[in-house]
């Protein structure tokens, strides 16, 4: 399916503020970017680099006054996400080197503290995909999904204590549980078609059966329409924007995702 | 200045043919991509990766029949390229690790065979920028620049023997001469505003005084309007397209570069 | 100065257990490895790779029974660490891309929660080296350093709550404080000459004035004798060994550091 | 089998000369380095980095006078190299990204000029391993192997013209032939047990059937005893030493390879 996604951010800046933006989706195995717009106002010298996860990041020093970022992309993505019950757990000694990073605990995913819970959730599950599916179901049934933006990220321990959270929080807890079972897991930030209410979204991927699979405890169906913008160990690695100095919050944040016919 | 650049390639394919395309300009220190289109017809599963030079490469298996690629981008780039007579040679021991790669001989730049020529061209020049500028002048005066596409790339030794070549050939000889003086040099492929006749272009960059500078022996002025698409040691690393199996040549190749007013 | 360092680890393994070891020091800007031994018993197929931080990691599947690792190295390192009061804070927009990673919060360094404390500790300090030195002094004066190994790592928030910790804990709190001031900081694990009692050691480095400087709140003098084995955002990235499956603790862990005359 | 390998280089330097040495073998999938010595005299500040191929390179500025490098390593390596007739050609579209680099022509392997020869050598061979084996046989039968060091590297075209060469030359021609068939191929420099006469050695590897296989047209048996020190596209990437400024040749170069019993 083809999706036109967009993100508009408007800030009111008091003093010159360095930003690192992560708002340019990349073409990869799972999606193709056919058209793209990236506007910054005022018209600044921006500079792009690739981080260690392969994300494209834009560095810019926003001057005092109104600062506006607008990105838009036409992206081809799958109509249904892949599911593969029975896909096996990959033994640590057989994991590609690049996956080992996703087994470690991280800022918001204290996987070193979740062994007992993960084992109790996945009792009797086949190691691999089925364990992750059980974790996803458990999250859906146990942690109340409360859409809407939270002021700042909380960690898996805190999410589990509160028993509720935004999409990112559910993903963090899912990741911590997977890693505690030695399953590589990562956070993905991006867009989702028909998300209610529309906003940027976060979900997680787990590496089983030799590839990454999408899991999303906030949704009840395996429909697709996912457009990824950034990958990382958790939200610390994948901010839509990372801003330094006194905190600045967006005055306006408008996200849109619209399906369209290709060949228009 | 803002440039709208585009490249259209049309092939007639006899058997399914794997392609690696390098047609997506990246935002970086020297340019900003504000809008971009990348169309492939028929509508194939393409996959993008980053090569060791940081270039975005698109892998695709073109089926038999007509195969068409169209890319377009709005890019902000400098109106005049930087020149810096006197910028010093950087001693090998002080070069960043990432530059050492650009000192080695490569497929089309046999720098191991050009010491004598390079020394004779740069006699009495201050080591660094001035040496490269002398090489650029020598190329402009000595090697006839004959625009138009050549069937296949020839190496610096062959270029020097023929005393003529396309833009890529002059760049290759320039690179070989720089490297033989222990100055890191790399090939850049991209677009140039007002190039006559319009086509994809190639030039070279040399690392002196702690940064890369553009050199282009095909042009007589230091006007800007350069949009880079790929960087590499030489043309072997930076093909617009790399195609495997029986050779396929584009039926059609249309390049455009148009200046426009930003904020349109 | 020349140091001969060694680490012997002995485990009693119940079931085949995958290990990732990080016990091979690398030669780099700050140290030179002139001789090295790396023995694994029983004699297994080990495999080495480089992680995203540049550390050499050894992957091995330890069989049931006694598993022994012995590493030894002769390393040249500085007799005194560099200190540079007044070295300036580097503005975010001028930091090399590779440093940005070290500004983010991480598993054991919740820098997103330490702004107030960091500001109160560094009031009136010149931004940069002096801020970090003030943090180091504050750690030394405030957090009781209790050598000896802890069962598992605790995070900066927990360290600050307990007001005591092992070397790693003091480093984690130091890192969190630095990052909350937008100063890149990283954990280093390695050996230290004359450490009392002898053990593996951890300290932190901060990036100010355009380079990394060593800080170590567990020591009162700027003596050198540091041999680094691994770098990372925090202890999650830099385990001496990372082991998967049911927990295994070393039966024996012997660390030695001995100064010797070069040319022996 | 366990091998103790060593390399001693002695130079007489006239003016301070920057060197990049590539003399530290790495542990990897095919070998394990259990003990290692790396001595430089006089005792200089050396600095090590990892190049884009994963090789460990040592940068040093040799002062005027005698400059000596001595490296020694105990390495576990296979007694027989793997052979796998019938291992299939991997279609370009299925090659891992990291292999694409090894399909490109390079300084000493002008694969863009060898299609016809490669096809004639491999007529009737199954695509993949068998093609490479046919190339290896053809090299052994056609190109006279003349051990002994050559003053400078020559390219595959030159080797084919001369019909003779050192180990490196045969490997270069083998690589060029493989790549012209779209088989990834790379040069390896290292040690070989029982090489006659003893010296540093070079061979090539081809990627078929999903992994790298060793090929060596200078040897008639599939005996093992290979210790690799560096990998690259060709000899330009993998110099034992790369030296800048006026040429310096080793006064003395002593290579030894001795088998020993482990557990000594």
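Read from first to last, the chains carry the letters A, B, C and D; within each, the first residue is number 1.
By definition in this document, contacts are C-beta pairs under 8 Å (C-beta built on N, C-alpha and C of every residue); 3 or more make two chains touch, one makes a residue touch a chain.
This is a predicted model, so every value here is computed, not measured.
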Touching both subunit A and subunit D (chains): B, C
Longest centre-to-centre distance from subunit D, chain (CA-based): A
Separation of mean Cα positions, subunit D and subunit C [Å, integer]: 36
Whole-Å gap between the CA centroids of subunit B and subunit D: 30
Between subunit C and subunit B, distance of the C-alpha-averaged centres to the nearest whole Å: 43
Subunit C: positions in contact with at least two other chains: 49
Interchain pairs in contact, sorted by label: A-B, A-C, B-D, C-D
Footprint of subunit A on subunit B - complex, ascending: 26-29, 32-39, 43, 45-50, 54, 56, 58, 76, 262
Interfacial residue positions of subunit C with respect to subunit A in the complex: 18, 20, 49, 51-52, 57, 59, 61, 91-93, 97, 100-101, 103-107, 109-110, 112, 152-153, 182, 236-237, 242, 244-245
